[in-house]
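Here is the structure we will look at, set down as structure tokens.
Each chain gets a letter, A, B, C and D, in the order it is written, and its residues are counted from 1.
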Amino acid sequence: MSREPQVGGDDGRVQASGTKSDGGSDSDVESAIRQNRPALITYITAGDPSLEATGEYVEALDRGGADLIELGLPFSEPIAEGPTIQAAINRSLEAGTTPAAFFDLVDGLDTDAPILVMTYYNMILQFGPEADVRPFVERAADVGLSGIIVPDLPAEEAGPLRAACDEHGLDLVFIVAPTTEGERLDRIMSRVTGFAYVQARLGTTGARADVSTATHDGLARLTEYDVPKAVGFGVSEGDHAAEIVEAGADGVIVGSALVDIVADHGADGDAPAAADLEAKARELKAGARRGTTDDRAEDTPEPEQP
Amino acid sequence: MSREPQVGGDDGRVQASGTKSDGGSDSDVESAIRQNRPALITYITAGDPSLEATGEYVEALDRGGADLIELGLPFSEPIAEGPTIQAAINRSLEAGTTPAAFFDLVDGLDTDAPILVMTYYNMILQFGPEADVRPFVERAADVGLSGIIVPDLPAEEAGPLRAACDEHGLDLVFIVAPTTEGERLDRIMSRVTGFAYVQARLGTTGARADVSTATHDGLARLTEYDVPKAVGFGVSEGDHAAEIVEAGADGVIVGSALVDIVADHGADGDAPAAADLEAKARELKAGARRGTTDDRAEDTPEPEQP
Amino acid sequence: STFGDYGGQYVPEALMPAVQELEDAYERYVLENEDGFMDEFRRRMREFGGRPTPLQRADRLSDRYDRDIYLKREDLVHGGAHKLNNALGQVLLAKYMGKERIVAETGAGQHGTATAMAAAHLEMPCEIYMGRTDINRQRPNVYRMRMNGAEVNPVDAGSGTLKEAINETMRDWATTVETTHYVIGSIVGPHPFPKMVRDFQAVIGQEARDQVREATGRLPDSVVACAGGGSNTMGTFHAFVPDESVALYAVEAGGSSLEIDADAGLAPNSATLSTGTDGVLHGAMTRLLQSDEGQIMESHSVSAGLDYAGVGPELAHLVESGRVTPVTVDDDAALEAFHRLSELEGVIPALESSHALGYLEHHHEDLGDLVVVNVSGRGDKDLETVLEETEKRDLEAAPDVEVFDG
Amino acid sequence: STFGDYGGQYVPEALMPAVQELEDAYERYVLENEDGFMDEFRRRMREFGGRPTPLQRADRLSDRYDRDIYLKREDLVHGGAHKLNNALGQVLLAKYMGKERIVAETGAGQHGTATAMAAAHLEMPCEIYMGRTDINRQRPNVYRMRMNGAEVNPVDAGSGTLKEAINETMRDWATTVETTHYVIGSIVGPHPFPKMVRDFQAVIGQEARDQVREATGRLPDSVVACAGGGSNTMGTFHAFVPDESVALYAVEAGGSSLEIDADAGLAPNSATLSTGTDGVLHGAMTRLLQSDEGQIMESHSVSAGLDYAGVGPELAHLVESGRVTPVTVDDDAALEAFHRLSELEGVIPALESSHALGYLEHHHEDLGDLVVVNVSGRGDKDLETVLEETEKRDLEAAPDVEVFDG
């Protein structure tokens, strides 16, 4: 995958340097969200069940309508993940996934959707010979990754990584939790680039049957910030996506529901989960769009739901 | 068994009130030792394997030449006994031996040798309705017992029992241990009646292969006391008896070696150990006599042994 | 050498010189602090044993019973029980006496482990007699004694429990008395043991009396301690005996019933003070569980440490004179109390001590406004027993512990 | 919030407000004694926990090594280890903060039992996460936690040991952070945990420093403590850090080898300070046992309590700055030391503490004339492990324990 901006995918989405509403220059990531609003952001764990399969799965999600793709680089101590993604990470580690092979995979991918890497801070620190974030960021930029998400790196500790990302033109996405408030919220929103990852509820990642009303409250207090907001943690169905977009999100993040599909198909055959992932992406994207429609109808009498 | 003194048994031994060398009146027990010197004192546990068998065994020992017979009245905590007599006591308790039945047995016995009861102090205390030694002593006198030996009653605590024995004309035998010295030795020797039970070595009862040189030392320091001395703890063969008598004892006490015979024959048949007990008593009595001969030959050249 | 009619020296003649030698040593070293014996003993109990132990207000029990409950925390002594107070004292005394070896009996293993620790600390060869049955049900304590370098001699006689172990230790002592000291484990045995063990244990009550006055400004209305042989009991009570306003409760093991089965030679309890009769056992005149004929009963309690058919002669005397009130708590109530203290106060008490706490539960209204309870030891040693016994009974206070793989 | 380059707050965003709330509470209650928090903490550690613990001269070790050896007896703290110092402090702090529930991780079970005791004592609902493997090999500690009323939640992930239990506890905390406090078990985790836990544990060194001066009139030449996560280590060292004449030795578990098997993801040791590299784990930048790629290793030690791939950031800093010397003692030497102290001094040490004692055996000549060793806990919990591991090795210091029926 090259870092050259591409314009026009097969579904007409726009990637790469677009134009911000305030006239500034958006990043690949931010553009992908703004221009495909409501955006679908998909997560799978790289190397589950193998890096070869991951390549196929990324392309399937891309075809299915994912506007951004997060790839998990597995770390042995995934403290922010629920059981589904923990299990995927373990499968990936058992398959021998390494950061070097991960980067090689990404380097060979050709997707419309920009790709972000999601990993824990220690993986970033250890890529070079010393504990230093720069070699990782440099390599990430080289292979065409557009951004980084680090579940165990709060804004307060992100100085070195923020600087390295800025130097290499990568977005650094921060998470906004239901407990994030006041000065800290301001600080995070002033440092985030790409999008704000809005955590729908407390706890770890994982598909859940309903979407919290906390989502609405969470988004309401973010309206004053200009950066795109995407909501994750617990989204598994098109209707969830619709609800979230209806609540004001610019994008919907789906992870565990996709990892479940990968897990269900196991390691038999040649990327056996690809078709199902593509279909799920389509369902979710459609759901998100439905939410937009509802959202725009916000001020009109509530329409009948099908 | 009646308490009436008897003169002249079938082996010519003399029982009961004899005449002391100082002209005083000896007890049954003391007479039996003095007049049959070197005396054989035998112990078995009453009720092992049954009181009926004990009756037969007592008579067998009497026939075999025992000059005094100690009968053990079993107590559940025989702290002064070694494994052999502990086991006999357990067999007796399991057979249901009670003090009342023990006294009934003794009451029916007819032996030339006076009989003593050997038991622990708590058995003596509990015979009556209150904790009191007198009912036991009274009943012991009634059934014709000649004396009492209490392994866990030192002279210092023996006041009440000494008084009760004196009242009922029973001897109270004390034990003299290798550790008994000085004032305590004087006190014990002044309070003992019947004979002094000289413990050949430290420890508990039990047959041993050799007889301690401590026996000689133990007897040497007792020569100044007039009361008869009998040596026990570890005597199992005629040669032991000879050695002990040679060392100056007036009598030899044999227990564990006899209890072993009872145990070997078990409870099968009608007092199956009787013949062996009688034979063993004969061997021991002969050994003791041999010691006397040797003793008397002390100043003459050592004779050839057969 | 007696407490009223109780006590004395009913031992085989071979032991009398040793008992008298000990009496002399007790008077010189313990009572008169000759050669600074008591100073060294107290220093070692401080530095090695962890004294003083705290007197802790039990906030949640105090709420529950609507009065001030204080716990004397003997569970915090090195080894996990008050037993070291005595074991260290006697092993040190044996050293002062020039003895070369010690022997001791043990039932549940608490006295044996305390003695083994003290012997290791003072570099004294040590052999512990323990019934075969007890060895097999108290393996961790056997391990601990062996780790401390003590020999553990199994006793196969009888039911293979404490009584038989005492008998066997006395036999050893009778054989080796010239070089050996017998470290008896409670306020039992011939004089001077009951007085000497009490004096070593009296630190419990001396500390508690000072501590309760410092904490509350006054003496307690009641002092409660469990009683088997009675060493923690007399240790706790001794300082309070002259305080006539302080009621003293000795809580015995009621077991499963207070009735005796004399034919079987079994007492399904260890309630010697409450139900026993006078007699002589293990060297002293005292109260005993015995048959009419004088045979000693097999006692029983869910707490192996209380499971003894005798009791210290001094306690027998204080009960006879009315100064100490004997009461009983049965197995069920003791188990409930074990769980209750564990859950409410974060202190897992020994099953022995749980009897004292069980009395508190059922009779706190009789105990006045300020109560001191002695927690004589910790319950870690009792976990397996408590789990087994709790399961048999379906007790409401008990937690479910089934978090293991099926 | 850092110690040189180590420390920090590397936690999920959801936890940041809680971490900052805790930071605020730490500053007010712990550092400034607001509402008398520290007074209450110290009082409860005295009355409930049994502090102060003694500093004991080890006479036989002193003879053996021809220098003065003093043992700081943290094995006498309620629960059997220094762990309560921290657990009680944090549970009390959670109460002051108005939290309604606590969670904690545990490996060998010592921190879990300490937390469960503290939670029972302070009437605070408590859940403990424990790896499935650890649950099955540490049953007595599971029982103790259940007896104290704590829930024990098995963690099936990974190898089912401490690392996974920490991960799972962090997940719980991230879900329930508004009402729940996470009682972390060592000087690890995000700021303020490393400082706060150290402050709660610093009483060890504060007491020891006063006690050694009182006993000998001077400061020791060396202070030796074992190091896993490092809470007993920093607790012991903290008061001595400014005393430049006092050498500080952190003894890590050398396990069976100091070589790492990176392919298998296994370090057959827990020698983080000695062999680890810088990285971020469980909320802090510190030294770690990790692969070149940054994956955390499965560590190993015969002592489950030292078996952790990280270490407190403050220790990492003190090692980097040269103030603390990291050394290692392997499984065999630790087992030998366990038996040695048990037999020579009558103190059965925790296997953790046995590492510190093992260092003394092999390097006492480097330690000067006056040495303080922290005995961080008692070894009762380790008996089964020690017996098994000893049997495998045929160690000369080990006693034969085969006194049971065949």
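The rule is short, and it goes like this: a residue touches a chain if its C-beta (ideal position, glycine included) is under 8 Å from a C-beta of that chain, and two chains touch if they have at least 3 such contacts.
The shown structure was predicted, so the numbers you read here are calculated from the model rather than taken from an experiment.
For the pair chain A and chain D, there is no chain touching both partners. With each centre defined as the average position of its C-alpha atoms, the distance from chain B to chain C rounds to 39 Å. In terms of their C-alpha centroids, the spacing between chain A and chain B amounts to 101 Å.
Remark: chain A and chain C have CA centroids separated by 67 Å (rounded to whole angstrom).
For the pair chain C and chain D, the distance between C-alpha centroids works out to 34 Å.
Shown for chain D are the residues in touch with two or more other chains, of which there are none. Not a single residue in chain A touches at least two other chains.
Because contacts link the chains only in sequence, without closing, their graph is best described as a line. If you check each pair of chains against the touch rule, the ones that pass are A-D, B-C, C-D. Every residue of chain D that touches chain A in the complex is listed here, in rising order: 8-14, 16-18, 20, 157-158, 163, 166-167, 170-171, 174-178, 265, 277-283, 285, 288, 290, 292-296.
On the side of chain D, the complex with chain C involves touching residues 46-48, 50, 53-57, 60, 73, 75-76, 78, 80, 116-123, 132, 135-136, 139-140, 142-144, 146-149, 152, 154, 338-339, 342-348, 379-380, 383, 386-387, 399-401, 403-405.
Put simply, chain B touches chain C in their complex at residues 75-82, 86, 90, 93, 98-100, 120-123, 125-127, 130-131, 151-157, 174-181, 184, 188, 199, 202-204.
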